[in-house]
Structures are given as C-alpha cells and as structure tokens.
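A short write-up of the structure that comes next.
Order as written gives the chain letters A, B, C and D; numbering starts at 1 within each chain.
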Amino acid sequence: MSNPIRVTVWNEYRHELKNEKVAALYPQGMHAVIASFLEKDPAIRVRTATLDEPEHGLTQEVVNETDVLLWWGHTAHGDVADAIVERVQKRVLEGMGLIVLHSGHYSKIFKRLMGTTCSLSWREANDRERLWNLAPEHPITQGIGRFIELEQHEMYAEPFGIPHPEELLFVSWFSGGEVFRSGCTWRRGHGKVFYFSPGHETYPIYHNPEIQRVITNGVHWARPLVRIADSAPNVPPVEPGPERS
Amino acid sequence: MSNPIRVTVWNEYRHELKNEKVAALYPQGMHAVIASFLEKDPAIRVRTATLDEPEHGLTQEVVNETDVLLWWGHTAHGDVADAIVERVQKRVLEGMGLIVLHSGHYSKIFKRLMGTTCSLSWREANDRERLWNLAPEHPITQGIGRFIELEQHEMYAEPFGIPHPEELLFVSWFSGGEVFRSGCTWRRGHGKVFYFSPGHETYPIYHNPEIQRVITNGVHWARPLVRIADSAPNVPPVEPGPERS
Amino acid sequence: MSNPIRVTVWNEYRHELKNEKVAALYPQGMHAVIASFLEKDPAIRVRTATLDEPEHGLTQEVVNETDVLLWWGHTAHGDVADAIVERVQKRVLEGMGLIVLHSGHYSKIFKRLMGTTCSLSWREANDRERLWNLAPEHPITQGIGRFIELEQHEMYAEPFGIPHPEELLFVSWFSGGEVFRSGCTWRRGHGKVFYFSPGHETYPIYHNPEIQRVITNGVHWARPLVRIADSAPNVPPVEPGPERS
Amino acid sequence: MSNPIRVTVWNEYRHELKNEKVAALYPQGMHAVIASFLEKDPAIRVRTATLDEPEHGLTQEVVNETDVLLWWGHTAHGDVADAIVERVQKRVLEGMGLIVLHSGHYSKIFKRLMGTTCSLSWREANDRERLWNLAPEHPITQGIGRFIELEQHEMYAEPFGIPHPEELLFVSWFSGGEVFRSGCTWRRGHGKVFYFSPGHETYPIYHNPEIQRVITNGVHWARPLVRIADSAPNVPPVEPGPERS
C-alpha cells in the first residue's frame, strides 16, 4: 500500500501544563513525543489533537481523515463531550483503528466500545513492571523479546473489567506482587482496538524505544482496509421462492 | 441451589395495544405469555415490567431483586430513559443475566453492552426460518434437535453488527436465501448475555414449545453466582519488596 | 440432577514409588489424596486409575462410565499407549469433562486436544506463586478470593504453547519475575477441558483447601449434559426444492 | 516486504487421474489450477506437491522453504504418512500458514491442529450454495461483496466438529435447507490456519474468480512474520529475590 497511514494522536494535555515533573518529561505534551517517534516511520503521517481545542481537535473532518486514532486521557475523562465520543465510536465501527493507552482504559470511548466497567486495581509506588510477550508471532510484538521491562511504573492489576480479549499480547508482572493483561485486542464493527497499558505521565515511558516500537507496530496493525457506513437495510429475497407472501 | 431464580420479563408492550393481529396472539402482552411458560418451571419466579410503567417497571428495587432479565423492545427503543439503561447495565456488570429477544438487538441496553451498531438486514415477508443447533452439548440447547423450524417469521440477515460471539449456538437459514447468527452468548462483567432472535410480534413464536424451551434453558444458564459491585481500588502491595518508594 | 458425577482420577503414580519426599506427601499416591477430597462432595463418585494398571486403568468400560476425568502425569507421558489416548480423546469429544493438572500440560491427551506444543518455561526453585482470580463470577472460582498463594512451587512461565483460551480464570505471578496462564478452559467437541497448573509432586499442593476447592468446582463445571457419538452423515435435503438433481 | 511469499499447493491428485469429469475440469490436477491463479500475484512464488511423490512432495527442505501451505485431500487421507503430518504440524506451530480446502477438513493435519472430529453432514446433490460474507473488513474478504454464489456444489452442513473459530468469515446457505461455517480462522502456535470449504472436485470451483480472490487473500493473510522452534527451557529467575533456594 502506497498511501500513508493517517494517524491522529489525541491527548488530554492537562498534566503537562500543571505538573512540573510531567512537564519536564514531556515539555510539549505526551502527544508531541508520540507524534515524533511515529513520524520517523515514513509510512505514517501524524497529526495531534487535544482536549482543550475546539471539538477536542476531533472535528468531523479530522475524524474522517484518520485511519488510526491514539487516545491518552486521565484526569478529565468527564470533560470529553458525549457528541465527540459518539463521533469517534461511529468512526471506529465504520473502520478506524483505535489504540487506547494507559489511563485511557477509563475513557468514555473505551468504555463504550467495551460495554464494561474497564475498572482495575492500581497503586502509584514505583513498582517494577515486566510486560511478558505472549505472542511473538503477532505484528504488534515484532522487535520485542521475551519481555519489556519498565524500571518504575504505576501498578495496574487484575481484575481488569474488560470483555475477554480476542488476542492477549502482553501480561504484566509487578514487583508488588500483581499481574495485569497489559496488551489486548478486540474487533469492534469494522475497526480494530488495541489497549496497551504503559504510559503513566510521571515516568518517561513514551521515550522508551521498545514502547515506541509496540505503538508503531500497533498503528500498522490497526490500519483499516475499509470504511463501511452503518445500515440496517430492508432487503428483498435473494431466492425467488414462491412461499413468501 | 434451592433459591428460586428471580426473573423479570421486560416488554415494550405497545404493539399489543395498537395492532389487532398482535393483540390476537398476545392479548395480555408478550410478557404475559413468556412469564406464563417460565412459571411452569418450579425453579423460576417471574415478574414482568413494561415501558409505560413508572421507571419502565425497572425501579432500583426490582433490578436489585432480579437474577435474570429478559428484554423485548422494537418500536420505542428511544423512549427508554438513559438512567434506566445505565441502571440495568450496571446490574448486568455486577452479575445479572440478560436475555435479549428478537428486535431487542436494537435496544439501548444491548447496544451499550456490545459497543457496536447491532444492525442487521431484515425483511417482513413470511420467510421460513430454520435455526440450526450448533452446540447440542450446551445447557441452552438441551431438548432441541438438529434445528428449530419456524414456518413463517420475519427475516434477519447477516452481516449482524455484533462483537464476535463467545458461543455461537444457533445459525438460521431463511427461505429467501439468507443466514443469521440467531443464538449467541457473551460475558460482560460478572453477567452473562444471551441473544436469541426469534420473536416477531405478528407470529405466534412465543407459543412455540421449542422456543419456550430455549428461553427457559437460557434463564437457567444466565443465572448468576455472584453480585460484585464495581470498584477501582488503590491497593497496597502484596509483596513487601524494598524497591518501592 | 440427582445422578452423581462419575469421576476418574488418573495418575501416573511413579514419583510416589521412587522418591521419598513425594511418598511422604502422598503415601498412597496423589490420586488417593485427590479422590479423598473429591469424595467429600456427596454429588461426586470417584474411582482412580494409574499408568501401570492394565490399559492404564482406562478400559473402555471405565471410560464409558466416566463423566469427568482428571489427569496427572509427568515423567512417563511416552509410556501412555496411543490407543488409550485415542479412546480418551474420542470420549472427550463425545462429551466427557477433562481436567488436566500441572505437568499434564505435556501429556499426549492434552497435546492432542489442543493441537499445539503445550510447551512452557520452567524452574524448580521454590518460587512463591500467586494465582490471581480473573473471573470471580465463574463456577470454577467460587469460594476463592483475589488470589491463591502457594508459598513454594515449581515455576511455570509464558510463553505457554496453547491455543487462545476461551476462558482465562487464573494468571500466576512468580517471585522469580514471571507470569503464567494457570487456569484456562476450552471446549472440544461436546466436552469441556480445564487446565489448572498447580500440583508439583514435591509440594503439598493437593492438600491445600483452596486448590481442592478449585478442582472440586472444576468437576462440577466439566460435567457433561450429553454423550454424542461422532458421525458424518450423508443427509437428504430438508427443503424439497426442485433445483437439485 | 520485498521477499516473495513462498507457497506450496498440496493436492492428493487422485480424482483427476481416475475420474473423467474431474479430469475435464482439472486436466493437470487441481493444484495446477490453484498454482496458476496464485502465480498471477507477483508477491507469490508457488510450488506444488502431491501425495504420490516421494515424501508426498513435502520433504523437510520443501517444508522449510514454505511460508504458506495449501491442502486439498479427500479420498486418501489415510495414505498420508504420519511422519509427514508431524513435520507439517511442527512447521505450522513454528510459524507457517496453512489453508485447508474443502474435504481437507478430514485430513490428518487439520484434525491434529484442531484436536476434534472435524466431522460434518454432507450431500452430493447439486445444491446451490451462497457464502455470506460476515467480515467485510477482513483481509481475506477484500474484493468480495455480500456473498459468493456457487450455482452447484456439494452440500456441507452443521454441526461442524471444529473448535470455536477465532474469526468467522463466511457462513453458507444451501438450497437444500442447511447452513455451514464455510470460512473460519484459528491461530495454532506461531502459525495461522484458514479453513475454506469450497472446492468439490466435480465442480469448476477453483476456476471461479471470487474463490480465487479469497484464496489469494488467504495466502497474504497467512504469511508468517517469524519462525520459532519449540522449546521448553529451564530458565533462571529474572528477579534476584532471596526467597528462592
């Protein structure tokens, strides 16, 4: 395929403006760092969008022109307008990839597509996290070895309130004693969804080359082949059978 | 288990009041017929609820006391209050069985739990439908042979906009030439969901003993073992490791 | 259901005869301990069978009269006759529950039903294992809290060469840094399969009340409703259509 | 990816030599027709192999050099040597795509990878078959509309003795009144498996451009990214914890 993959990186972009530690790690916002490593891939064309832009940066035109959307949110899920969530959900179901990062597990869009609580147990305590690679044959794990190790990270633990994943790519081990399904995929309508848990704002997670590799792979994996509008057609019979009135 | 299964049969109950043909088949409403055959099972205790009752008959108390909810709606999905839908969704995720019947595929509650369009193709033309039994070992299909035949029914066809079913129990053949996944199950949170497509209001479907058997079996299958409230706890480490700050 | 569940506990029964440490834990064999706790459930009727009995104790008559088979093997998988493996596989596909324990992951019967290598990484080093309960609503996990902790156990780690589980009930954390899908289910034909990893022979795992509870629950869960012989019938058309020659 | 996909088309190649009707449709064998349409795709490089060649044409070298294997067999499944089946299974689990066609549902290799009977009901009676496309977003269905229609074909019906498909791409309608899951995928080890039911030898199925399109798409979809040999390593701990002896 010669057309570039059109990616929109959506970020809540509030922590970076209020918290010095986060600002030091991500001076232009996490979206800028994510966009930056994605842009190194010549097959990918990136734009960014943030909560406080008009329509959260997700106008109908932007959504129309997006093949894969990345979503990072944490502190302001409730500020995302329902109309925009519906627009994004509709677009996923028509065939747009969606990569939900870290605390995006609690975003309106993820909860809507999953239908469940998406709750988990958590702790901010500098745990060591090790993401075990369960599927080395999968496009998303290419370039990753037995595991990815994060020296310090927020802890996310089971039970995780999601529907049974269709593919389970990563399971995390935490030094505090917990486990977590940290890389999961689902199909929803004509779109593909990938949840990937790394990315707490106070750690330099998106500067990690292995995390960058997984997200870049995820963009390729989530790229749609179609866009199909919803319909519920009243259809004539295919067979000419006489038995129908 | 000696406690009865507490079932609530929810019905939109509008067709029966407006359409003579439907009223002839279901003089007290479809919910009355469904309740009536379920009550023949001594393990089941039934109540009914309808759209035009206060809170659609689904007060918090009723929902609390329901183990398995059946849902039939068609012409007035939009009249179901969002607050009630949220109440029901929360209860399913805590552990309540949900059986969605026929045109309930387009109900708010089913679309919320699935996260997808739940659209399908359709035709009202007296097709013959044959539901093939793909899982004769399953609790829901006990008592059913190779297939269930409906001499006349509304046609529902693929593509059906649902997430990949976790169990596919029935696939329908239609005389007009189509197929449909007519019996599907999913887990959502701590609750179980069963979609079963028979039940167009202008045919005597719920008087059919095989359909009654499947729905009764479904009630037993969907009975929950637990009720667990949502939580997202901040948890201390299980391990006493020194590496955490 | 008033009929008892007919369980056969199959054990390789060689470690116990050769290794003093194992013999001290299981003087009459692991099968005796497993049979003993299962028999406390009045709904269960147990027999045992071991490798060195004629036909490994799994005559056609025994297999016919078994509703749920438990399988523990380790050092002598290759000594199990292929004809007996085929007999057991056929019976599972007709509808017999199978619970595969610990090193039974490498048994012929499990590999046949899975179609995969069933390989895993391992270490005998007194790791602490914590089996996290991912599905508190499931019949198999009833009576179990957030996790089961085993103070010392053999370590089994991902990647585990199994098909994607249909249900993932337990994921284990190990003190050495690994994770493992330690409780998984699949349907195969008309039978249900549950793999549960605890049970290394040098630890008193089957004396643990929580492990006993899971296995007892598993027997109830795996109980079949049917027995259906394989067939590939040449069938006449259901429809009388004129278009067929 | 610039390397070609190395495809081996395996055919039993007996019907064509004995049956005039089949020989008229496939004078050089079905494998020759399949190879011929696949070769039109410049990304694909094809070889063929047949049952009566030494080692059935599937020497270790050929298997090593195959990315995707297609399998058509019918009348002589029992003549395929177990050692070759093991070689192929091992290669699939290491990461080789496998496309099983039509009566290959009863091949040793398919039954081994599935673990089930793979039985179905059938009838040779010139039924009309209509394969409904359930997943228009999937790589395998690209170029296919609502359905593929086969004017005459052998009938294959449910129940089909396979594990629950991970993706259900096609469901067939038959004029005789039956349905069938005619396009299914599974992952097995590091390899991908696609079962596609069209292809009875007495009909010109592999001359049908839509069938050719699906199979060509299937080859692209099944292409592996890795080859990973089986291992069950004894691994040292990742964590240096003092608690292990």
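Here, a residue touches a chain if its C-beta (ideal position, glycine included) is under 8 Å from a C-beta of that chain, and two chains touch if they have at least 3 such contacts.
Remember, predicted model here, so these are calculated numbers, not experimental data.
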Set of chains whose contacts include both subunit D and subunit A: B, C
Distance-maximising chain from subunit C - centres being C-alpha averages: A
Where subunit A and subunit C are represented by their mean Cα positions, the distance between them in whole Å: 37
Between subunit D and subunit C, distance of the C-alpha-averaged centres to the nearest whole Å: 31
Set of subunit B residues in contact with two or more other chains: 130, 136, 157, 164, 166, 175, 177-178, 187, 189, 238-239
Subunit B-touching residues of subunit A, taken from the complex the two chains share: 89, 93, 106, 112-117, 119-123, 125-128, 155, 157, 161, 163-164, 166, 175-178, 186-189, 230-239, 241, 243-245
Residue ranges of subunit B touching subunit D (in the complex, touch as defined): 130, 132-136, 157-160, 164, 166-168, 171-174, 177-179, 181
List of subunit B residues in touch with subunit C within their complex: 95, 130, 136-139, 142, 147, 166, 175, 187, 189-191, 224-226, 228, 238-239
